[in-house]
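Paired with chain B in one complex and with chain C in the other, chain A is shared by the two complexes that follow.
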Partner chain A sequence: MFIHGGRNETLWPLIGPPAVWAIHFTASYVWAAIACAKTTHEDAIYLTARIGIGVMTVLALAAIAYASYHAWRVWGFGRYEPPHADDTEEDRRRFLGYATLLLAALSAVSVIFVALPAAFIPECTW
Partner chain B sequence: MTPLLSATQTAARRTLPLALCLAAAGCSGPQSALDPAGREAETVAHLFFVMTIGGAVIWLAVIALAVYAGGFKQRTLSEETGQRLILWGGAVVPTLILAALLAYALWLMPDLRPWTREAMAEGGVKGHVTAEQYWWRVRMEGPGGPVESANELIVPVGQRVDLTLTSPDVIHSFWIPALAGKIDMIPGRTNRITLRADRPGVYRGVCAEFCGESHALMAFTVRAVPPQEHAALAAAEARPAAVTSGEGLRLFLEKGCAACHAIRGTEARGGVGPDLTHVGSRPTIAAATLPNDQASRERFLRNPDAVKPGVRMPGYDMLPPAEIETLARFLGDLK
Partner chain C sequence: MTAPTSDIEARPTLPERDSPADLERRRTQEVRLRKAWETPSGWHYWTAVNNTEVGVWYTATAFAFMLFAGVLALIMRAQLAVPENDLVSADFYNQAFTLHGTVMMFLFSVPIFEAVAIVILPQMLGARDLPFPRLSAFGFWSFVLGGVFVCGSIFFNAAPNTGWFMYPPLATDEKQSGIGADIWLLGLSFIEVASIAAAVELIVGTLKCRPPGMRINLIPLFAWYILIVAGMILFAFPPLIAGDILFEMERMFDWPFFDPERRGDPLLWQHLFWIFGHPEVYIVFLPAIALIAMIVPTFAQRPIVGYSWIVLAAVGTGFLSFGLWVHHMFATGLPTISLAFFSAASEAVVIPTGVQIFVFIATLLAGRVIFAVPMLFATGGLAIFVIGGLTGVMVALAPFDWQAHDTYFVVAHLHYVLIGGMLFPITAGIYYFYPLVSGKMLSMRLGKIGFWLMFVGFNVGFLPMHLTGLRGMPRRVFTYADGLGWDWLNLVSTVGAFIFAAGVLVVVYDVVRPKGREPYAARNPWNAGTLEWLIGMPGESWGVRSVPFIKSRYPLWDQPDLIRDVDEGRGLLPDAEEGKRETLVTSVLDAEPIQCLRVPGNAVVPMVAAFTLGGVFIAATFKLWITTLVFCVAFLAALIYWLWTGTSVIPEKTEKHVGHGLVLPIYRSGPASIGWWAMFITMVGDATAFASLVFGYFFYWTIHADFVPEGAGPGVLWPMVAMGLLVAAWAATLAARRLNTAGRAGAVRLSLAVATVLTVAGGAAGLWGPWTTNLDPTSDVYPAIVWILVIWAVVHAGVAVIMLLYCLARSLAGRLTREWDIDMANVALYWHFMAITAVVTFGVVGLFPVVG
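Let's look at the complex of A and B:
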């Protein structure tokens, strides 16, 4: 899903990083909500959720980095100037690579912002 | 200039300072988040000023840049400089600023909403507040068990007050702007808030979530008093009613008030409406809608719905004025 194919242009890789963001977001919120519903303050259910969110964040960032590298390659490692608006196969590929790279940057920042509360908030009650 | 216009302008010139004064006066007083009287509210005010000043600085910088670009800049930027400007000014710097603000707000959390474990350990006063259309049931923990009251919260200065909050009907929101942030009161869920008043005084709390016709008339009084005075007031609140016989009480029981209201020390044990054991000692009635004087009490008894639309108490307009008067006087005597 993450890799822009050889000759066939497809839009799928473009949504790779945002999809990682969406999955990370949903999983973090659902995990924290379930943990907070179950925890009793004496157990480590919430702590487990915090660590779990940390691990998911590392995995999500790794997946986005992987997608970014491929997008960067497809774009041509920054050798060509945007906007890549010509009606050619190269430009279409470069455009897709460039757009994927930008979305990957946005997704990475979002994943970090979503995870920050888990780093700061030590207990559930509120 | 026509005379009319200049007259309007003079009037505007005269009223503007007045309007500014009024606006500034709105920043202090018993119900202002900008005039904090407690630790949690101070943190909120701090956050507000950091965000407002930060926002103003960014706004000024952007407007200055726009003015510069529109009015003074003669040469066009090279493509490369333009792209660098977009990358840094449009993406990197805003992301860093947002990250810093997010981290700052999260870092403030322990002050804003102290962690339960610490709150439990610290002691202080505990209680439970229920928001009901359109009033507040207050049940404070005391040495002899919980003591029920309504529409008034008495808190000791300098001590932590730990409240659990809920609602039996619709979503309300608990907000004492001068003392703490706001938190919703949600049917089927128990929320908590802790607050600490640092300055003695009388503050006003409000319902901050639309809950029906009389939402805007759903407020309460908060009295922050020194700890010794608080102990005395709490002990007084726990005692049974001051008047447990007489014509007023007879009417109260006979006219059915006791079906909804309790007066401890008498047969009146209704739980639908506010506990009236010490209603005479409260500064207001009907959830801070009317002052607690004889005329207002009579007016409320005769036609509560005219005072508070949608109120869950029937009117007693059909009673002879003398009986209304007796009832209202009896309520005032319940100190």
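Let's look at the complex of A and C:
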């Protein structure tokens, strides 16, 4: 949109993977919180939330994987070593690809971290 | 426009180096530049807006507040030195610890980052100034006034006394908390405005005001951190502003947002406060780490190892820090799974934080380290911070936190994190950057003495607190009984605190002692590689003599002729032919020059605007409603005058030669203009505050089975009418913009008038809904939250009316035309956000009761 360089590139892809984490985190928290506030112990509303969080986790990891592949390609499939400190458009692009790839790894780990409670905690409150 | 292709050397138009003609050119250019950037003298000195002035005032003021809060801490430590002490009263102690936390967080930690960035960021980016110097000045004066107001309250025994996070029901109780809570809420809301102003300034400055060639992979790491932190401010401060609004409505008008008897919930405040409060810890920490990221390469004499990893860490921490807030609320009885989400995210944030520390260690290992004073403070700070980080991992585990919650263990943890992660690096930064400001060096001997006193004093003072806490001493008690096993630990802490304070005093003395007879420092005294060290000793207020082309992350190391070329005016913008202040605007990713930006000069109006706005907040604190109204009108008048005379100024020519055969436009509008960016960024913050209020609505829905009482509510009709009218007004505004592009001035004015009428009608219809259905906001939380949402939308409609009328007036005055259309583009942008606000507000209050 308005953060463009050559070839209509933008800075936004850099924050794609952490944004996926943020959406996954917020959705998991809100879903579980509402489920726990509205649950009556007999119904399966909490179980549904746990399964839903599991599905969202798979989707989030898929989105991060997609972003990683894209970033890996922009980086040049690892053909060029960092630090990507030349004053060329190519090096700028490789730098952004590489940084996005690193962020994707961090985001994937964080998504898994946040999903674990839903896997292990069988009731809203122990 | 053409991209620069020639190198600095290849400049055929300039006279031969050092020829008489060249020396004459340089001399006349310098005279003109100096005149354009002149700092006024006498009383007019305080009307200066240049970053070299405002940034220094800002830094000094923040430090003054820090020392004040430090004195409060020493009083507290003296009180706690022995059991059953009666040095101060319980109430004074309450005021002291509340003000200590408040001042350190809101008046020192956050402002000091803005202050330091205002001083050094333009210099680092080879810019003459930040894009909105008057906004910086406005932020500074707001900060001074708000800060003095909040701090001064303790001398009238009226300081806030309920802890720096102001939990209701204690803080909503008028008898328990007195006027102090109002001073806290309104004084700090005012300062939060200044923080958001700084965020706008710094984001646009980092992205758009770089030197040509400084692509996004070459920007100094400090700039990366500032960009991330400014973005965090946009999402962290607005929830607190929203919380402040709810809080103050409860205190002043008895709207029951946090009162359980009328179905409010004190936990909503805790959520809103900590959604702000936890990211704030990182807002404080990241800029300090940014200073270390500048200092470490200099003293290792090599580029940073792992530049991309630092970017990973900065961006990653920026995001993850928003997923931690509930770890301050582990003891409130939330569902286990909710606690676990936040515990998991709290452990995840350790990864990027650790990455930064390993990057620094790797850089030091790979270089030849020079252990000067800034390095002492930087490494000492990191050591302390790591200890605080490790106890942080402990308290991030909910079961451990239940044991340690509200004990001195937490006090020890947070001081290790903040003093190690923030105060020590800032002190390192002061020793490192001092020559940039004054041209002189600080004393290395005093620096070493100060460091060791601070380092030893800090650990003697705070390490025992871990034990005191584990032995059960709660925080915020004004005294304690004998024989609980806390006595000697507290005494040791007090001794340590005073040693630490002695170290701070040594540093302060070093900074303020007269240095008139000392020689100026050598140029680039630390042999650093980044652009801020281009500055001469002492520097000139124009900042950079001419703007260089950048090819490296460490241009002073890698571009040997750079300093000489800059000094000889062989870069861009070497002159001020028209006597105007100018700086370059470049593209975001590749830093190609796109505009020669005229930045406004010194003016008194930012100060007047800040003081009148401060008057609004202060008068409201004391419920002096007529005075409040008078200040409101005065503020509006100051603002309109400021806008009318100082913004979207029509230049005398459309383009300008800036050197190297480069011709750049002077006036740009829409997404290409920095004003449009500022509007966009401001409105993102505004939308976050609005989202926080909507969150409040659904929060109450979550906790109450029958949130909407039977038959209550604003109805469907009037909210829908309001929504329709405001959406129509949005369409009319867009039509005005389109007609303006087509050059049909008459139709533009008609459209603006129609939009104005529709907006007024829409606002009235919005209020009519809850009014006509007799929703009483003091009776229950449902009507209260409906009213707040509606009032929020209507106030924004009121602002929209002012903007539309402003455009109409500009059009009639011939200052808004087809060619000069910044105002129209920015108001249309505001209206996009306005339309979203209207649709969401009236959709929620009108339709949700039907479907929910």
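Keep in mind that, in the parts below, the second predicted complex is superposed on the first by the 117 of 126 C-alpha atoms of A that agree within 3 Å, B and C clash if a C-alpha of one lies under 4 Å from a C-alpha of the other, contacts with A are read in each partner's own complex, and residues count from 1 in each chain.
Criterion: a contact is a pair of C-beta atoms (placed from the backbone, for glycine too) under 8 Å apart; a residue touches a chain by one contact, two chains touch by 3 or more.
Note that the coordinates shown come from a computational prediction; the quantities given were computed from them, not determined experimentally.
K.L.:
Considering only the touch criterion stated at the top, classify A:83 as touching first (chain B), second (chain C), both, or neither.
P.N.:
second
K.L.:
Once the shared chain is lined up, is A:114 touching chain B (first), chain C (second), both, or neither of them?
P.N.:
In the superposition, A:114 contacts chain C only.
K.L.:
Given the superposition on chain A, which partner contacts more residues in chain A: chain B or chain C?
P.N.:
C
K.L.:
Is A:98 touching the first partner chain B, the second partner chain C, both, or neither of them?
P.N.:
So A:98 only meets chain C here.
K.L.:
A:14 contacts which: chain B (first), chain C (second), both, neither?
P.N.:
A:14 contacts chain C only, not chain B.
K.L.:
Which residues of chain A are in contact with chain B in one complex and with chain C in the other?
P.N.:
In chain A, residues 109, 113, 116-117, 120-121, 123, 125-126 are touched by chain B and also by chain C.
K.L.:
Inside the complex, what are the residues of chain B that reach chain A?
P.N.:
79, 91, 95, 98-99, 102-103, 106-107, 109, 113, 115-117, 191-192
K.L.:
Report the residues of chain A in contact with chain B in the complex, numbered from low to high.
P.N.:
Touch residues, chain A against chain B: 41, 81, 105, 109, 112-113, 116-117, 120-123, 125-126.
K.L.:
Please give the residue numbers of chain C that touch chain A in the complex, ascending.
P.N.:
207, 213, 215-218, 303, 306-309, 311-312, 315-316, 318-320, 322-323, 334-338, 340-345, 347-348, 351-352, 550-553, 587-590, 671, 677, 702-703
K.L.:
Sort out for me which residues of chain A touch chain C in the complex.
P.N.:
Listed in rising order, the residues are 1-6, 9-11, 14-15, 18-19, 21-22, 25, 28-29, 32-34, 36-38, 82-85, 87, 89, 91-92, 94-96, 98-99, 102-103, 106-107, 109-110, 113-114, 116-118, 120-121, 123-126.
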